[in-house]
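Chain lettering (A, B, C and D) follows the sequence in which the chains are written, and residue indices restart at 1 in each chain.
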Amino acid sequence: MIVLTFSCPDRKGIVASVSRLLFENNANIIESNQYSTNSSTNPHFFMRIVFEMENPAGFQSINQRLADFAFIFNAGFKMTDISVKKNAAVFVSKEDHCLYELLWQKSSGDLSLNIPCIISNHEILSTVAKSYDIPFIYIQHHQNSYKHEDAILKEFQKFNVEIDFIILAKYMRILSDNFINAFGKKIINIHHSFLPSFPGAKPYLQAYRKGVKIIGATAHFVSEKLDDGPIIEQDIIRINHGDDVNEIKRKGKIAEKLVLVKAVKLFTEDRIIEHDNKTIIFE
Amino acid sequence: MIVLTFSCPDRKGIVASVSRLLFENNANIIESNQYSTNSSTNPHFFMRIVFEMENPAGFQSINQRLADFAFIFNAGFKMTDISVKKNAAVFVSKEDHCLYELLWQKSSGDLSLNIPCIISNHEILSTVAKSYDIPFIYIQHHQNSYKHEDAILKEFQKFNVEIDFIILAKYMRILSDNFINAFGKKIINIHHSFLPSFPGAKPYLQAYRKGVKIIGATAHFVSEKLDDGPIIEQDIIRINHGDDVNEIKRKGKIAEKLVLVKAVKLFTEDRIIEHDNKTIIFE
Amino acid sequence: MIVLTFSCPDRKGIVASVSRLLFENNANIIESNQYSTNSSTNPHFFMRIVFEMENPAGFQSINQRLADFAFIFNAGFKMTDISVKKNAAVFVSKEDHCLYELLWQKSSGDLSLNIPCIISNHEILSTVAKSYDIPFIYIQHHQNSYKHEDAILKEFQKFNVEIDFIILAKYMRILSDNFINAFGKKIINIHHSFLPSFPGAKPYLQAYRKGVKIIGATAHFVSEKLDDGPIIEQDIIRINHGDDVNEIKRKGKIAEKLVLVKAVKLFTEDRIIEHDNKTIIFE
Amino acid sequence: MIVLTFSCPDRKGIVASVSRLLFENNANIIESNQYSTNSSTNPHFFMRIVFEMENPAGFQSINQRLADFAFIFNAGFKMTDISVKKNAAVFVSKEDHCLYELLWQKSSGDLSLNIPCIISNHEILSTVAKSYDIPFIYIQHHQNSYKHEDAILKEFQKFNVEIDFIILAKYMRILSDNFINAFGKKIINIHHSFLPSFPGAKPYLQAYRKGVKIIGATAHFVSEKLDDGPIIEQDIIRINHGDDVNEIKRKGKIAEKLVLVKAVKLFTEDRIIEHDNKTIIFE
C-alpha cells in the first residue's frame, strides 16, 4: 500500500497528470483526496493518494516520473510504502499515560509502528519498557542540556535501525534548536493545553486559575519556537468549578493520551502535509 | 462551480479517465474526493469533484463524454451547477425551531437554497412564513391522508418553479408510499432521536423512561419504511437524571435544528451519495 | 419558586443552620447544591437552594434571619423569586445570529426573561426588533464613546422598568470602565473565541492563521479588563484545514449563539456565583 | 471521608433533619447534593452528602439515628467510608483494552479500588494480570454455563476478602439469572453500543450495516434482562462512511474503555443511586 503526498502552487491538470501516470503504471487508486486553497491570493494544491501495485517494480518508474512532474509543477512530493512500519523513538519523563496508550495501541495493532527505544531523563518508567521488551535508555540531564541531548544523538547512532521520528510522550524537557536541527526529522509533541492558550509551564494550573470551563490537549510538530509548531490534532474535555488542579490533571491526561496517539497515527499513515506553519490533514 | 458525483463498481483507471476528461475540457478541479469500499467483496467506487470552467459551453461536452464513461463503467453520475440554488418545499406542523434555523441560515447566506413555499397541516406558523415573505400553504389533514397529500401535490403543480426536494422540518405526519413515489425526488426528515434508538412516536418520552444519558437527532432521507431511510447526519446532546421530559425536549430541539440544517446544507452542495441504504458524505 | 445563593468562608453547620431555618418557615426544598473549595488554604463554601413556600409572607422572615446568619458567617447571599422575569437590555451591532437565538428561545418559552429594549450602534437590525415588537434604540457612535455610552444610560432612565442586566449579543464596541461602573449590574458578553486564546479583535482570523483544529466561544461577565471577566460558559466546534476564515466564522456563529443563550439561561435562573474572578455554576 | 446516600418519597424537612444530625455529631459537610423528581406524581427525593468526622466514634451514632430517620421517612440509605477501597472482581475474555485502562487508572491512583482477581474464560490475558501481580483465574466454559458460573462462585469463597462488585470488562458470556442472584451485589457491564440501539451480539456490525454516523458505548448495571439494566454512563464517537467494521471496532474501543472506567469510578465514589430502573448520578 503506497501513499503519495504531493503539493504545489495550484494550476490546472495536476490531478489528471498524476492519476494518468498511476493508471499507466497499473496502480489501483484506493483512496484519493485533493484540496486547494483556492480562496487565497496564492492558491496552493495538496493531494494524497493511496494506491496498490501488483508489480512492485513500478514503484521506481512512478517515482522517477513524479520527480519530473514535481520539477514542472514546482512541487514537493513524498511516496511511501506504509506497510513498512516507521521507527519511532519515544521520549518520556515520569508520567506513564501517554506511553501506555502508545504501547497498548501498538500491541493491539491499532497503531502501526516500531518503537526501537524509549528514552528518558528519569528511571521510573524502565519497568514499563521492560514489560514490553523495549530497550529503555536512561540519560540523565543533571549536567546540562547540551550533554543530555548529545548523549541522545549518540545513542541514535548505535542503533542498527534508523529513527524515522521522535514522539515526545510527556517528555518534560525543552529540546534545543541544536538538537532539533541535528536530528533533522519530525518530532511530535503533546502539550497539555488547548494551544495557543496556556503555552509553557503548568498549563493546568494556569487553566485552574483562569477558571476556564473546558481544557484541552494539543499534538504538534516541534519547531524552534516553544509550543508553536504546526498543530496536528486537538481535543478537549469539559471541567467545572468543582475540579481542583489535581482533578483537572486527571481529566486532562485522558485527552493528552488520545490526542497524541491520534496524531502519531495520522503521521504513520502519511496523512499530514505541512504548509505555512499549519497542517493539512487528509482523514 | 460544478459538482460532479460519480459512483460505480470499482476498477482501475476511473480517476485517470475522468480527471483527464476534465483537464481536456479546460476545467479547473478545486476539490476532489474519492472513496472505495475496497474491503468488501463487491468493491464500489465513489467520487465527488468540484470544478470551474471559464467557458460554460464545456458543460455539455463533459456531460456527453461522462455519459459514455458511465456506460463503460456501469456508473451513475450527476453533474450540477451548485451556484444555481435548489428549490425546497419546507413542511412544518406546530414547532418552529427547525423552520427558524433554516430561515436564519438561509437569510444570512450560510445556506444556499430557495424556499418557494412552506406547507403545513396547521396554521400557527403562518406568521413566521409571512415575516420572511414566503408563501404559506395551509392544507388541513382532517379528512384523510390521501386527500391531504393529494392537495399538496396539486399545490406543487401550481408553482412556476420546480420543487427539487422536500424538507420535513418537524412535520408530524407520516407521508404515504403513494406520496413518496408521486413526488419522486428526495425528502429529508429530522427524527428527534438517535436512530435506530426510539423510532416512531414520542422518542423523548421513550428516552426519559429508558434513562439514557445522551439523546440525539437524526436527519435521513425518507424511504417507504418509517424512520429507516439512509442516515445523513446525527448529533447528540448530553442529558442527566435531573432533566424531565420537557427539559429533554428543550435540549433536543437544539440538536434537531442543527442536524437538520447540516443535512440540508450537505444536500444543497451535492455532498451526499446514496448506496446500499447508507450515505457516503464528502465533506 | 425562590432561589437562594449563599457563600462564605467554610465552617461547620452552615447547611444545618440554613436548612433548619427554611424548614421552620415551612419552605419545601426542591433542589439544593453545596460546594466547598476544601482543598485550598482558605476554604470557601457555596450553596444554591431552590425552594417553594405556600405562604409568601415567609419570604421576609427568611430574608431577615438569613441576614443574621450572613453576619455571623461573614457571608454574601441573594434570595430571588425566579418566577419573576429579569429585564435584559440586549446590545447588538450588525450580526443577527445571537439576537435571533435569544428571541427564539424567549418566545418558545425556553428562556425566561423580558427584553424591554434592543440597543444598537447600527440601524440594520431594527427590522428584527420590530418583528418581535421590541423597542429598538439606535444610538450612533460617531462622535465618541463617552457620548454614545452616556446616551445609552439616559435611555435606561426613560424606561418604566429597571434593567436588571445587559446582554452583549455581538455588540462590537468596547464598553468603558465609566459605563460599567455607572450601570453597576451584570453585563454578559459573548466573545467569539475559546478564551484565553485569541482575545481582542478578529479572533477567527487569528485562529485561521494559527491553524487550530478547534475553535470556540466564551460567554463571560464583563470586567474592566477586556475579555478577562469571569468565564460563565464555553463551547467548541471542530474545524479543519479546508475551512477558510469565512467558513470558520460560519461554524463559529453556531457556537456563539448557543453559548451566549446558555449563559443567559444560567443567569436568569440564578445558577451562577462569582468568586475570585471565576464562576461557580450550579447546574 | 464518609459518603451518605439517602432516598425516600419527597416531603419537607429531610435536608434539615439530616444536616442537623450531622452537625450535632461534629461532622463537616464537604459536598452535598439533593435532587427531587418534583415534577412527577410521586415525587421522590435523593441526596448524597460527603462529610468528614474527626472522631470516628461518631459514625455509629450517626448510623443509628439515620436508621431512625429512614424508618420515619420510609427511606433507603447507605453510609460508606470511601477511603476504604472496594474490592472488584474483573471478568474478561480476549480483549484487553478495558482491562488495561482499569489497571492503568488504578495504578496511577486515578481510580481507587482493589482488584483481588481477574477471572476469564480464556487464558490469553493471563500475562497482563501477571505483569500487575493480580491473581488470574481461568475458568473454562466448554461444558456449560451452569458449571462455569458455579466454578466462579466457588472461587469467590476461597478469597479472604469479600468481593464488593464485579466489573465485566468485555466478558463475552451472558451471566444467568442464577449467577446474578447468587452473587447478589452490583455487576457493571460495558456494552459496545449506544443502548438501546444494537443490543445483543455484534453491535458494531449492526452499526455498520445501518450506516449510523455516530457509535457509542454504554456502561450499565447488569439485570436479568440482557443489556437492559440501569444505564450509568454513555459516550459516543463519530464515524463516517469510510470506516469499515474493523475501523469502527477500533474507534469504539476508545469509547468502551473510557465509559467503563468512568462508570466504575462513579461507583467507587458512591455517586450512583438506582431508582425505577434508572440511575441518579451525583457528579
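Throughout what follows, a contact is a pair of C-beta atoms (placed from the backbone, for glycine too) under 8 Å apart; a residue touches a chain by one contact, two chains touch by 3 or more.
What you are looking at is a predicted structure, and each value in this text was computed from that prediction instead of being measured.
Colleague: Which of the two pairs, B-D or A-B, is linked by more C-beta contacts?
Modeller: More C-beta contacts join the chains of B-D.
Colleague: Could you label the chain A-chain C interface same or different, taking same to mean over half of its residue numbers are used by both chains?
Modeller: same
Colleague: On C-alpha atoms only, rotate chain C onto chain D and read off the angle in steps of 5 degrees.
Modeller: 180
Colleague: So how far apart, in whole Å, are chain A and chain B when each is placed at the average of its C-alpha atoms?
Modeller: 37
Colleague: Provide the C-alpha centroid distance between chain B and chain D, rounded to the nearest whole angstrom.
Modeller: Roughly 41 Å, centre to centre.
Colleague: Mind pulling the residue numbers of chain C that touch at least two other chains?
Modeller: 31, 35, 242
Colleague: Can you name the residues of chain D that touch chain A in the complex?
Modeller: My answer: residues 31, 96-97, 100, 104, 108, 110, 131, 242, 250, 253-254, 258.
Colleague: Per the contact definition, I'd like the list of chain C residues that touch chain A in the complex.
Modeller: Answer in residue numbers: 35, 37, 39-40, 194-198, 210-214, 216, 230-236, 240-242, 244, 246, 276-281.
Colleague: So in the complex, the part of chain B that touches chain A is made up of which residues?
Modeller: That would be residues 12-17, 19-20, 22-24, 26-36, 38 of chain B.
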